[in-house]
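Common to both upcoming complexes is subunit A, partnered first by subunit B, then by subunit C.
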Partner chain A sequence: MSEEKKIVPGPAGYMPTPAVFMGVELPPEGKALLYGEIVDEETAMREAAKAMLTRKNPTIFPGPQVLWDWRDDVADKAQAILELASEIPNCRIIPMPDYRPKYPKIDPEAEINPNHPNLTILHNRIEACIFVGVHCHYANLSLRMIRAGTNCYTIALCAELGHEEAMASLRDVHADDIRRFKDVLVQVRNELGIQWTPKAPPTNPSLPKEEWEALNPADYGDYLHMIIPRKGTENVTETE
Partner chain B sequence: MPEQKVVDIDYLFKEAPRERHFITGAQAMAEAVKRANVDMAIAYPITPQSEVMHLVGDLYAQGYLKDYYRAEEEYGTMSAIAGASRAGVRVFTATSGPGLLRGIEAIASWPGHRIPAVLGVLTRVVNAPLSIQPDNIELAYLLHSGVVLLHAENQQDVFDMTLAAFAISEMVDVYIPVAVATEGFFVTHAKGYVDMTPEDMKLPPRDPYKAPVPVTDNEVPPARIQRDAPVQKSNFMSYLIHAVWQQEVWSSTQRAMKYIYKYLNGPIEVVNPDADVFVVASGCAAAQGREAVRYAQEEGLNVGLVKIKSIRPFPTKEVRDALKNAKGVVIPEHNIEGWLSKEVKAAIPNSGIVVDGPRVYGGMTLPVELIMEEIYKILGIKQEKKVVI
Partner chain C sequence: MGLRYVQPAPGFKQYLPKDYVDLIDFGPFGKEVDASQLGQFKEILEEHPMCAGCWMAYFVRVFYASLPNPEDTIVLGTAGCARLALSQAAVPFIYGNYGDTNAVASGLTRALNLRFPDKQKDVVAIAGDGGLMDIGFSMTMHSWFRREKFTTIMVDNEVYGNTGGQESGMSPKGVQLKMAPKGKKFDKLPATELAKLAGCVYVVKIAPTNIKRLSKVIKRAILAARHFGPTFIHAYTSCNIEYSIPTEEVLKDAREREKKDFGFEEYMTDEVRAFFEEIEKKKKEVRA
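Then we have the complex of A and B:
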């Protein structure tokens, strides 16, 4: 590792320069990114584990790819994430269930949204987080905004090629890799002398129960006009 | 139609045997589509592009494509391409000059919506008075749209770049459209030798789930809400999401560079790297530049060529490195604006060494002698102008 770290916790400022423009490149197979530099996976895992163990309000943000059981390997990966969370003292899980902006207001204790992630980060005073199962495009948007506006240490456990914007980023991460990260985390925790009995993270306060079979027009928010035409547009009954 | 077997991308580009054919640029583009496992093509005719989509239509009739139709006009074409791509299929279309400009609002929205489409751009005059002749001013309009833009010198480039475009556009860390441009008529309607991979081999099919975005948004039936919801609220959060979104598009363009190295041997080609004077050119102007280098060598002049294959991402570092010892740079172009000249000047620290031109447009050919005149001027060689009667 060089002395100068390129990608560090923010706030980076009003208009952050993207990591790619700063010359950060995604790691090759078998390697990882740490502060914008290509390193061994073990090195990145240890540093990421240290951040999750020592910074305030560590939180895991699972995305749609691990929240919905849409492929054979997802349930096992979700289970591995829960196992990882249980080993991190006082870890919370706040999901990113979809990517649409939430109007008029998000519940920052219940979810995080890629269009305004810092509402959740700042409301909960999160200083270390893990993105997992978030589609790369939306993860990059979020990671860049978090680096711009908060002091949160970001970690990306990516099933694809990784993320330049995260302080620590692993690629090709599946259930086994998450369990490997968990083992490294436990080892670092022991080295740091942190006492912790594994236990499940607290239950998410979640949103009001949604009735999928009986949709309320209010569920459509700003898009209400798509099901109920605006007055004077689609249904013109009289003309002058 | 021969039975096609799916082969690994790297095998197809690096190891598959090649057979030489003497074909037009339009044929070369269609032959690449044939080997790219394309699901769907949408056409709208315009000269000089029409030949390409005629040939792609033949591929549909032969069974290489699953769907093909003529749209209402280019705006409809480019919008339908976006819809099909978002639904998860591999798509192709091509256009020229005025057609490109008619479709450009939709095309400019492709990168932000992460549409990995491949677009053929067979250049043509766009300004009034009406003309169908080659002139690549339209590429200036594409430079700021966020698409990856490759510029082909000849029929071989058209084949290689089009095939590579399908691979590059669907890389998870890229996942934006790739446009392959070449000069109408000069390349599309002229024949050249093309070394092609076997027609019974094709790229793997598109895996729509290996993507940085969901295939499409079916979250809230019955209203089909667009995947990327509007962010036009008048508040800082909306501004910021759009800003970082744009950054993501241009980061993706930049990430394409490593695949341009992998599948196209890099974004530039340098001939005679120790030259005193360089011709820097893209598209078929590079072919004329190549001839100028040959002329110069016959006259004992130390002249080199920097052919720029990738206009976006622009190879700033590579161009700067190639020209670091140049005493003069000549940039021949097929447009009045000199968009390549501006790019090169912005890339190097000593832009005063760049000669603006020669430029031809409106369909004019680019005689090698025009390039030589600029080389002579740089080297202080006086040439007598003769009038031949």
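Then we have the complex of A and C:
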């Protein structure tokens, strides 16, 4: 690999030069991209694993192709992603369920939208992320925006040809390849001496934690005065 | 598209945002819901950025609640107010170039028939008066001449509302608008008459004041398009901003226009009539 890294974490500034204009080409079969250079898959996997293990708030962004059970092979790939997430210390999963624009705004803790991915990344201070199952045209859009406006290290696990805008990009990634990446990650984690017991990432914060047995006075809203009398207005004991 | 596209992959439901989980659990996908049940199911469209009091937003909301098969429907739109809400719904949406909605819908319908010969996929083009009767006029007419099997809905606000108030072919004669201060010199285009002449098998003119009737014609237009040919709905959806209609009087305005020049008209060919009669008959038998 050459000394100069072409594609590095940003912020690269408004409208950064596209990676292809910098001479970055998609990798051939069996190879991967690392900082814009074509390298062996193993090299890219180790560097990507290192980023996910050492940078702040590592997050996986699963796209519609793995979030929805639209094909028979999705279940296995989804399971592999969950296994990978459980091996990354303090990893979060923030989904990209579809690509529709959302106004007035998205909830950046609950989801990421390809039209303004920087909102989610900056809000959650994410410094390393994995894109998986996002359709290529939207992944390209998002990855370039992330490089433009954030310091996030982007990793693309692409089922097609890969993404030149990502710092590390693997191609033809399916369930088995994700498990291979997980094994590399565990190996790197052990080499770095990071102690971690695999556990599932926290669930989506937008989902309500309903507790029907315990009632809070605030649950009564406007009718609160019916259970807690207002001071000075009720319980009148004396009259003039 | 299809029911599998609205089922989460194993293990991922707990990572989806609440909106999507509600759509999975309480949405209209795979169920028979009706616009009269609004409030009892999670709607495909909830938030949108349209103006307060926009009658088009109301129409779009009822439209999505009336789709016979939302999981197998693709909606097309073009530049204009309607697409602001259409694009935010949980149904695939294609945003064409200005005026080419019906050309794109033609190609899409044919492609879906080739790709899914054993499944029924619905294509609906919704655009404003500018998109369908002005700039997209030729493509709209030619899709009807070719008897393309999809539904076209014109949400007619009688103005280019998105760009500051220019007159359109559907603006009423004599109306003065912000960007057309001299007043319009000619009548509204006879859109429904053109549709009948061009070969639409089901044509409706409607001011959306009655939710049940609106829902029924939307369902009918989509069902007729599946089997017989092009269908067309011309709906009055006022622009309360450009026509200075107070927000609380938007419904009143729609009712007045309904009495004046937007009375309900429903045209269908004999075979379409027979088809609907058959459906009604079957429904009655089931109820009995």
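The definition used in the following text is that the second predicted complex is superposed on the first by the 205 of 240 C-alpha atoms of A that agree within 3 Å, B and C clash if a C-alpha of one lies under 4 Å from a C-alpha of the other, contacts with A are read in each partner's own complex, and residues count from 1 in each chain.
The rule we apply is simple: contacts are C-beta pairs under 8 Å (C-beta built on N, C-alpha and C of every residue); 3 or more make two chains touch, one makes a residue touch a chain.
Everything numeric here is computed off the predicted structure, so don't read it as measured data.
Of the two partner chains placed by the overlay, neither subunit B nor subunit C lies in contact with A:Asp73.
Of the two partner chains placed by the overlay, only subunit B lies in contact with A:Val20; subunit C stays clear of it.
In the superposition on chain A, A:Ala148 makes contact with subunit B only, not with subunit C.
In the superposed pair of complexes, A:Pro101 makes contact with subunit B and with subunit C alike.
Touch criterion not met for A:Glu42: it reaches neither subunit B nor subunit C. Shared-chain residue A:Asp176: touches no atom of subunit B or subunit C. Taken together, the two complexes place residues 71, 98, 100-101, 103 of subunit A in contact with subunit B and also with subunit C. In the complex of the two chains, the subunit A residues touching subunit C come out as 62, 66-71, 74-75, 77-79, 82, 93-95, 97-98, 100-104, 107, 110-111, 201, 203-204, 206-208. Subunit C makes touch with subunit A in their complex at residues 2, 4-12, 14-21, 47-49, 84, 87-90, 93. Chain contact summary for the complex, subunit B toward subunit A: residues 114, 172-173, 175, 209-214, 217, 219-220, 222-223, 225, 227-231, 233, 237-238, 240-241, 243-245, 247-248, 250-251, 254-255, 258.
For subunit A in complex with subunit B, the touching residues are 15-16, 18-21, 25-26, 64, 71, 98-101, 103, 114-116, 119, 135-138, 140-141, 144-145, 148, 160-161, 164, 215, 219-220, 222-223, 226-227.
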